[in-house]
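Next come two complexes, and both contain chain A; in the first it sits with chain B, in the second with chain C.
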Partner chain A sequence: MSKQYEFKAPVLPYLLVLPQMAIVFVFFFWPAAQAVLQSFYLQDPFGGRMIFVGFQNYSKLLVDPDYWQSFTVSTVFALCITISAMAISLFLAIQANKKIRFSAFYKTMLVWPYAVSTLVAGVIWLFMFNPNVGVIAYVLKHTFHVNWQYLLNFNQAFLLLTMAASWKQLAYNFVFFLAGLQSVPATLIEAAEIDGAGAGTRFWKIIFPMLSPTTFYLLVMNLVYGFFETFPIVHAITQGAPGKSTGILVYKVWRDGVINLDLGSSAAQSVILMLMVILLTVFQFRFIERRVTY
Partner chain B sequence: MKRVILLMAVLLVAVGAYAQTTVEFWHAMTGHNGDMVNTICDQFNASQKDYKIVPVYKGSYSDTMNAGIAAFRAGQPPAIIQVYEVGTATMMAAKNAIKPVYQLMSENNMKWDPSIYIPTIKSYYSTSDGRMLSMPFNSSTAVMYYNKDAFRKAGLDPEKPPVTWPEFFEVAKKLKASGMEGGFTTNWISWIQLENFSAWHNLPFGTRSNGFDGLDTQLVFNNPITVRHFQNIYDLSKTGVFIYGGRENKANPLFTSGRVGMHFESIGGYGNMKANCKFDFGVARLPYYSDVPGAPQNSIIGGASLWVFNGKSKPEYKAVAEFFNFISQPEIQALWHKETGYLPITQAAYELTKSQGYYEKNPGLEVAIKQLLNKAPTANSMGIRFGNFNIIREIEDQTWEDILAGKISVKDGLDKMVREGNKTLREFEKLYK
Partner chain C sequence: MTAQQKIDRTAHRAKVIRRLFPHIILWIGIAIIIFPIYFIFSASSHTSAEIQAAPMPLGIGPHLIENYSQALFKGTQNMGTPVLTMLKNSLIMALGISVGKIVVSLLAAFAIVFFKFPFRNFCFWSIFITLMLPVEVRIMPTYKVVSDLHLLNSYAGLILPMIVSATAVFLFRQFFMSIPREIPEASQIDGATPMQFFRHILAPMTRTPIAAMFVIQFIYGWNQYLWPLLITTKPEFYTLLIGINRMMSGADVQIEWQIAMATTLLAMLPPVIVVVLMQKQFIAGMTETEK
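Up next is the complex of A and B:
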């Protein structure tokens, strides 16, 4: 707090932040307010009829088992992505951080997937695993005799989505973990080595705790990614199928609003999502700023 | 002085633009079909000097409809918008937003005879008392495609595709036994195996003439015949004779790659089949159950129609009316039909295409028209009109997947589709009462 600098000029600073505030207002606050407003109405798409229904759009969601199913799947999905993407990228970062030949090459290659857009990532995995056209699906079926049909098998569909979404997130995590590992002082590790600590002990007692701010930051980012940014992957690969088992919350918002034109319910769902993002953000600021520091 | 000249130039340009009325036409046609939309608009623009139609591609069907809705709400709608069949009831119910085509035509004193349109196509976009609300544009219907080479290999006559469902299932088993991965698959489970299936067997899909007579309609397709049909397909899925290929038109690769021998798809997909099948294929009518009285009746259409937005100026409406008359001409329709595979919307265009000898080389396209014209449409076969239709189809797709995955029985599944579908119909009714 004490580091804050106070501007003496009364107008200039406000003028300087005005463009940014205008953008935030027009593209964030105003639509968000619209969503809150619409969530209290039942309306026809053309805006001809607006019937005020109070909290009915919300209460309908809360008693709808399909909504809770979607909530559960989204949560499990986000957790699975977070765990697998973080564990694998930490492992890769540790390997790439060793003094090995071609390490610069490995690092570059491991960062590359970050340049792929999420939708394209989904399409790549679709082309590999689609039971009708996929190359790997063909090998699975004809060489390994796996009954690969994720269009009807939830477990297969969920596994495929998790793999695709985690793969996309690996590069991001990798960069942060690598940077984190490089900032662990070599002297600490050497001292531990001299004291007779093995590789496992060095990792769990020194490196991992030293990495914890990075890990915590990534945990929040990965959860947010798993919850809110995996829409293109679901859209490309399963479209919520089989049945509606992989229809995660963000996918459902889009489907109900844009395709099915149920604007009231879609608005209510997006307000609920907005509250979730706010909670996650508050959580992140509280803990990152206070707990996980040295 | 310079300024005055400039001002006058601007005014002149403005007057020039005023003399020619320009209207926008938002559509969702891509690839070759999109080129054909442009061609037809160009021909119209070249045919006279007063009006100019500007076609604008707006993305998928749902993107286009959403763009239209957003534009209307912002007070800047295009004059013409292409809306897919599932959006029909939503457009009809939005009385403040649309101008019915019959009204547009009479207000502009057009010489316009609605009886030139093919009955099943006209009825789909008309009120139950026969007033046309939107202009038919790209209409298709569901047909059966079969692999003639595979038929030969299995010792079947490629010129005799199965006519009834029991025959069809026997053929499918033989195709699998001949070494194919499966016997058959299908696209659009809702549109083909429920909506068209009901019409083809003259069974009600919903009450109140499938929704034509009022919003208080109820789904009733969980009848014993449909249950039997779905049970048959389900049973064959257990032995791998039926292979599920996904929603909408996602099952196509199973057929085009030669893994199954028979397939159900829109006639609008004819061009795609021609481009992708490396084997000799045929088009046949939809099979039927011969013990159902009245079957086969006639199939129903899918595709999209052109809607006119409310609140436009008189010259703009005149332009739209002239354009609609223009595209209804037999020559234009025949061109559209031959180039895209969509059905001709008038009887005259069909006759013209026939007289040109086109069907001798492309018999598949005529199969579709004949199937549509098979009998005069009944209350069960003039079309389907439901609010929240997209949600109903989604429920059907989802539940069909649950049936195939063994999570719910066929009978319970169809009951569930009807029950959940009726819930969403009531929501729609509540909104527009």
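Up next is the complex of A and C:
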């Protein structure tokens, strides 16, 4: 990376980074430190008494079947979202990238849902599949004779959450795949075509490898989304039901902290989640920096 | 029919199918996006009784104006805050987050790229570590800090903790590093101070990334859910998404679906308008962050 020209000033740079650093410290490092501290204590919800318990909050989590169940559901959930949302978006982006009529219109139509919030996605799918008023639920029950009761049936609940969460992520992936595809030189593909490569070969041997940085980036972002940012969908649609079975990790942190007031355990869970995200970030960044310097 | 004609016809058919194929797929994609949204639009035009009677009629009913004006000016029985109030709150939050983040990040990125100073790397990494950190994983501790600072039920409490993440710093840093070093050098030789360089040369050059960041952060801010859910307990600070949640909580019979769905559509509108109007800058900026 070529170095940028550097001004010389003794005080100015500190003043410039001050606002950002202040915000990061007050609203990230301070709370994070408190979370770490809190995770070593037991606090009774009524008084303010804190008892130091060492790693007990963590060790309790590690032997808690509920936690592992939540961990497993979150992982499978994130993987399902990532795979379905990425596959569908890639397929759509390939079609939209072809030289066809109305392609500008198609692109706009597939890009704007980026603006739809996760909660709104949850509410929309809840409304379609609500067993009492939902239009699709009605069709499922009366035309296909499915016993549609997603609040009582884990598979149905999981499927509904996955569909809603993937639906929300389509536009985001579409934007990146489209940009990635546009950066593949058309001459390269034409040359392959002249050499007799079929559509499948062209895709797997040329386009897909050249798209791999985008795919990798999206893989990480989709996993982060599936793992950590799907709280609104779970909160709107199932609230963890049936039982606690769809209570993904972020939902569990919230429930244990806000509803059950088990602050020590909630803090320990937060610390674990933060470590997971930071690891993913560093991993992603190492990869990106390497690419840029090439 | 000769054999040649037969081959020609098959070839022609294959060609037509190949030409139509992308259109068909894209229309299916659009349908997947549009239909769910159409359902809620349709619901917002019926009466509560029509929706509860399931299945609701799929056309557009005559109660559109009535439902939307109830949503905008009155709210529901579950929740008496009108959409207008929440629209204002969402707007303040989204604008506060996007503008605040852009200003703070521009300054930080300027310092990190164009100055050499002790702790530069430390600053960069402390900011960078927050790059992808969703609020969801740090809610409880942040809640405690914000409550200690007496910022619950305030705009500052809604906005400040959301300015943390490093996306904007990172994007501006990338952009600043790509600027030819002759430009700052020349400005220095011409006797401009660093701040003059920032104001008159760098900031105008950064117009496109700033526009892109505005779109991304406006949507990010507008769509925050968990954080306002935690810290707004007074209805006058509810954002639209919280309003939707409050309208939907309660037993099925009490939910005024038609108003909740009208509110949902209204909540979608502002960010969608921003994306559509600024689509070009937005896509450029989205893909720039990735690099």
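In this section, the second predicted complex is superposed on the first by the 278 of 294 C-alpha atoms of A that agree within 3 Å, B and C clash if a C-alpha of one lies under 4 Å from a C-alpha of the other, contacts with A are read in each partner's own complex, and residues count from 1 in each chain.
Everything below uses one rule, namely that contacts are C-beta pairs under 8 Å (C-beta built on N, C-alpha and C of every residue); 3 or more make two chains touch, one makes a residue touch a chain.
Just so it is clear, the structure is predicted and the values come from calculations on it, not from any experiment.
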Which superposed partner A:138 touches (first chain B, second chain C, both, neither): second
Contacts of A:259 with chain B and chain C, given as first, second, both or neither: first
Of chain B and chain C, the chain that contacts the larger number of chain A residues: C
Which superposed partner A:20 touches (first chain B, second chain C, both, neither): second
Contacts of A:185 with chain B and chain C, given as first, second, both or neither: neither
Touched partner set for A:96, first chain B, second chain C, both or neither: second
Chain B versus chain C as contact partner of A:209, first or second or both or neither: neither
First, second, both or neither for A:242, with chain B first and chain C second: first
Chain B/chain C common contact set on chain A: 132-133, 258
Chain A residues within the chain B interface of the complex: 42-49, 51, 131-133, 149, 151-154, 239-244, 255, 258-262
Complex interface listing, chain B residues touching chain A: 62, 66, 69, 72-73, 90, 93-97, 244-247, 250-251, 253-254, 257, 388, 390-391, 394, 397-399, 401-402, 404-405, 407, 427, 430-432
Sites on chain A touched by chain C in the complex: 1-9, 12-14, 16-17, 19-21, 23-32, 34-35, 38, 88, 91-92, 95-96, 98, 100, 102, 106, 108-120, 123-128, 130, 132-135, 138-139, 167, 170-171, 175-176, 178-180, 213-214, 217, 221, 224, 228-229, 231-232, 235-236, 250, 253-254, 257-258, 263, 266-267, 270, 273-274, 276-278, 280-282, 284-285, 288, 291-292
Interfacial residue positions of chain C with respect to chain A in the complex: 19, 21-23, 25-26, 29-30, 32-34, 36-37, 39-40, 43, 51-52, 54-56, 58, 103-105, 107-108, 110-117, 120, 123, 126-134, 136-142, 144-146, 149, 160-161, 163-164, 169, 176-177, 179, 181-185, 188, 194-195, 197, 219, 222-223, 225-226, 229-230, 241, 244-245, 248, 252, 257, 260-261, 264, 267-268, 271-272, 274-276, 279, 282-283, 286-287, 290-291
